[in-house]
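Letters A, B, C and D mark the chains as written, and numbering starts fresh at 1 in each.
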Amino acid sequence: MEQYDRRPARQVTVPLVRRDSIGASHHVLTFEYDTPLEAQAGQFVMVRGTNWGQSPFLPRPMSLLHGGKRPSILVKVVGEGTRRLANAEPGDLFSVLAPLGRPWSPCSSHRVPILVAGGVGVCPLLFLARTLKQQGIRPVALYGGRSSGDLVLYEELQAESDLRLATEDGSAGVKGKVTALLDEALMEADGRATVYTCGPRAMMASVVAAARKANVPCEVSLETVMACGYGVCLGCAVPRFDGGYVYACSEGACIDGRVIDWKK
Amino acid sequence: MDLQVKIGELSLSNPVLTASGTFGYGIEFESFFDISRLGGICTKGLSLLPRVGNPPPRIRETASGMLNAIGLANIGVEAFCKDKLPRLRELGATVIPNLYASSVEDFIALAERLDREEGIAAVEVNVSCPNVTKGGLAFGVDPVAAAGVTAAVCKATRFPVWVKLSPEAGRITDVACACEEAGAQALSAINTIRGFAIDTETWRPLLANRTGGLSGPAIKPIAVRMVWEICQAVRIPVIGVGGIASAEDAIEFMLAGASAVQVGSANFRDPMASMTVLEGISAYCERKGLAAKDLIGKVVLD
Amino acid sequence: MDLQVKIGELSLSNPVLTASGTFGYGIEFESFFDISRLGGICTKGLSLLPRVGNPPPRIRETASGMLNAIGLANIGVEAFCKDKLPRLRELGATVIPNLYASSVEDFIALAERLDREEGIAAVEVNVSCPNVTKGGLAFGVDPVAAAGVTAAVCKATRFPVWVKLSPEAGRITDVACACEEAGAQALSAINTIRGFAIDTETWRPLLANRTGGLSGPAIKPIAVRMVWEICQAVRIPVIGVGGIASAEDAIEFMLAGASAVQVGSANFRDPMASMTVLEGISAYCERKGLAAKDLIGKVVLD
Amino acid sequence: MEQYDRRPARQVTVPLVRRDSIGASHHVLTFEYDTPLEAQAGQFVMVRGTNWGQSPFLPRPMSLLHGGKRPSILVKVVGEGTRRLANAEPGDLFSVLAPLGRPWSPCSSHRVPILVAGGVGVCPLLFLARTLKQQGIRPVALYGGRSSGDLVLYEELQAESDLRLATEDGSAGVKGKVTALLDEALMEADGRATVYTCGPRAMMASVVAAARKANVPCEVSLETVMACGYGVCLGCAVPRFDGGYVYACSEGACIDGRVIDWKK
């Protein structure tokens, strides 16, 4: 199962050193490590404020934008935990467990990486684009959202990729779903693509279906509720095509899209 | 620091164990700390055959706690003995397999299978899982049924038998006494308390299994109360579990009468939680000039 | 917005009541808001004679909740009828006296005394107080005893009788069914769950009464589960209580089957809590184009 | 019972506008009201951060230093709730219920007010000193603590009173307990004093005993655990001399010291 070189996760208490707020609901948080966090694209952290007291009880899973001395995450506010993260100030301390999960598989050199992002699903893909760039590969990136406001960090992604946007209201890029862009990109790649996708479940399901039709590999990054993030609570089960379950935190987050039962 | 405690004839290096279902098979923690430092490790509940568990969503956070309905997903006793136990022995862990079955026969078969192995400190019989349709709670809320399982397992193994009690028995002390009489060497209390949560937008239960077991700091006062009641009712050692996240929490259980404690959901929020509890107890005993066993049952009632 | 709900033959203007022991005698809230806006007010538990209650400390905060052992301190039924009820009538409040006694005879005497008064919507029989040495829980965990009290009170009064159930009955549905058969018009669930907390420095219980009842958001999942189970077992209306602090919490109970809800400990943290819940339900119903009663029992199970 | 003119308490959500930290463990918090808070010396507030989430569950009782448009409190950090108060930043919002409790009784014009403070018990007494000053009365104030660091706000108290200090380690004022100063002050007043005291229970018990011996009135401000602060939880019971209980939030906080059973 584990063909990649996984570094053991470390639990550290680190300060927030920067909060860059992009509108009210999106915030890039940057932490400062003593010894660099060696993480690979597609890996995530479990993060919890040391001042959260007894509630929220659990840490929150967040994809890494990059590792290093100052790793960062992008937080979208959807509930109490993300609200607390968004309200944090530089200097506040956080427990961070990282790096976690299976990273993206490498893209073989004779294939074009196509990155398909929906909303905050952009995070692990931005990390991937940065990694590919270091390898001298410039991926195609497709990024969709309801409107232009959802396309956070698109400039950062653009710097690393041939980026194409889609919005449902047409406020940026083509009007429609990001999956429409995918058919075109797959055509261009002419059977020599590898697709990487992260976003809403329905979007990922279509992406996996399109990749299957084009007969190219497709990895997805799973999002589920998680209690532990490191394989012991068994809470992050995702239905598998054969009736069993995969565990998103340990067998994922990044996993072959065909393994998942997308109808469940 | 003298942290040693005795659970019946079994001597543990210290009173901090990890609770079943919150510590995997133990090996997952190898890279975090030396798991031989723990007083003991209660494994994920093992069944005769592997189980895939319940459909998702399986967990949900609640105020100072969480609901889970994992449904006893596990690799089965055979794979445990083959793939996990040898490594646990190598690492020097004190292993307490947690057993789940839906019939007395299967409990016996489980116990017999484990009896063929070395490197097991005790077995913990789970008669209190709220998240399976058969067995589980049915045994745990009925003194007669609980005693039946206990006696059968005791007969099937040379290892000490601990019974993990359910907080949902009307009178948990009746079940406790029945298990003591049936031969249990110790009692673990408590398992989770069933809860229900509904999404007010979709009107659907937040767990696919509908109900799930509540754990975490939210239930600690209830767990301490039950441990205290049980300790007054039985003479065998009681192992306290429910909401322990700090050394103070653990000490509270010990003052109430627990001879040892299990750290549960707190492992999820911090894989080092059990070590934090252990180091805190050690520091506390040092500061007070006490051995850990001096804390047991020392609540002052006047 | 149609917020009206029916509890048996009684029609309430809306489903938001306040829980016994958390809203005084109602008059304390006069300066905060118009208490006639509430669906109903369950008074502090009334006994035949005044009670001074337990020695302090009586309360202790816990993770997302609190323990209390007030010991049913109250002014007695006579003073209530003389000093409180007339003012409650004047204010147009919907009054549900909550009754506590340690014998069936005293329950009858209480009910008879109240029966002589006007301006009472129903009486709520507390067979579930965990903080008194006699009566209380003893009635609430035994279906036969609970039914006995229920039948006796029903006979002694023309008012509808609600029975407040204890979460500590092994099978709360058995007690629920017994009370239904005995003539209860509605059931309130749940009362607090007994807990224990110990000071790890002094080794003394943090409450003078040792144990106390746990309330607040910590217990909400347990309360919702019990309300859901009871609603499947009985045909009379159930009133949900336990950890309600927001409209969403209240709606969760209603989806689980509750016909109305009671706001309890949340009143302590904010005297306007019940109004916040009421306004939230109203806004929710408006947004969804629903009447409040359309929410009852509508959890989607598939 | 209620001979004073009590304003009904109001529950408001107000911002913190100032936090003045006196060392690590003492913090004066100032809130901003829209319409002034009309409070009397000896009254208190129940305060809770709107961002505390589900835990700590309850608000915390704190004595008012003064009312008005910008009422303030002094917080000593002892646990989770006070720690959160101490970490608050200007702009953070708080639910405040005030004014609560029975204030100090007025001091009759032919008596000398003697204020006896221990630790943060100084708060309601500082408010009292300020009120007396407005009435042209300069009280005697006795203020004790373990060491000089415990004597927070003593300059403020000095401005309004004839202040005498006592510390157990002798680091400020006379060495010893504040009650030693009391005998002297009572002697000076020659039977025409009214004593007001707030501090640790043992200290208040001695003060009440000394006042009784000198045959002068003595009011104490009660400190207990409180859930509601406005008379409905019945959690704040304090044993009365006759076997019953007084409720600290509604029959106190300020109450005739002889009503209390100090042996319990």
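Everything below uses one rule, namely that a contact is a pair of C-beta atoms (placed from the backbone, for glycine too) under 8 Å apart; a residue touches a chain by one contact, two chains touch by 3 or more.
Since the structure is predicted, the reported quantities are computational estimates derived from the model, not experimental observations.
Annotation of subunit C and subunit D: jointly contacted by A, B, touch as defined at the top.
Taken together, subunit A and subunit C share the touching chains B, D. Taking each chain's centre as the mean of its C-alpha atoms, subunit B lies 34 Å from subunit C.
With centres taken as mean Cα positions, subunit D sits 47 Å from subunit B. Separating the centre of subunit A from that of subunit B, both taken as means of CA atoms, is a distance of 35 Å.
Centres computed as Cα averages put subunit A at a distance of 54 Å from subunit D.
Contact of a single residue of subunit A with at least two other chains is seen at positions 54-56. Residue numbers of subunit C whose C-beta contacts span two or more other chains: 62-65, 216-217.
Chain contacts here are complete: no pair of chains fails to touch. Considering their complex, residues 21-24, 28-29, 31-32, 44, 52-66, 68, 70, 73, 216-217, 245, 265, 267-272 of subunit C touch subunit D. Residues 54-55 of subunit A are the ones touching subunit C in the complex.
Considering their complex, residues 62-65, 67, 141, 168-171, 193-198, 200, 202-205, 210-212, 214, 216-222, 224-225, 228, 243, 248, 251-252, 255-256, 284, 298-301 of subunit B touch subunit C. Of all the residues in subunit B, the ones that touch subunit D in their complex are 63-64. The residues of subunit A lying in touch with subunit D in their complex are 51, 53-56, 80, 84, 87, 89.
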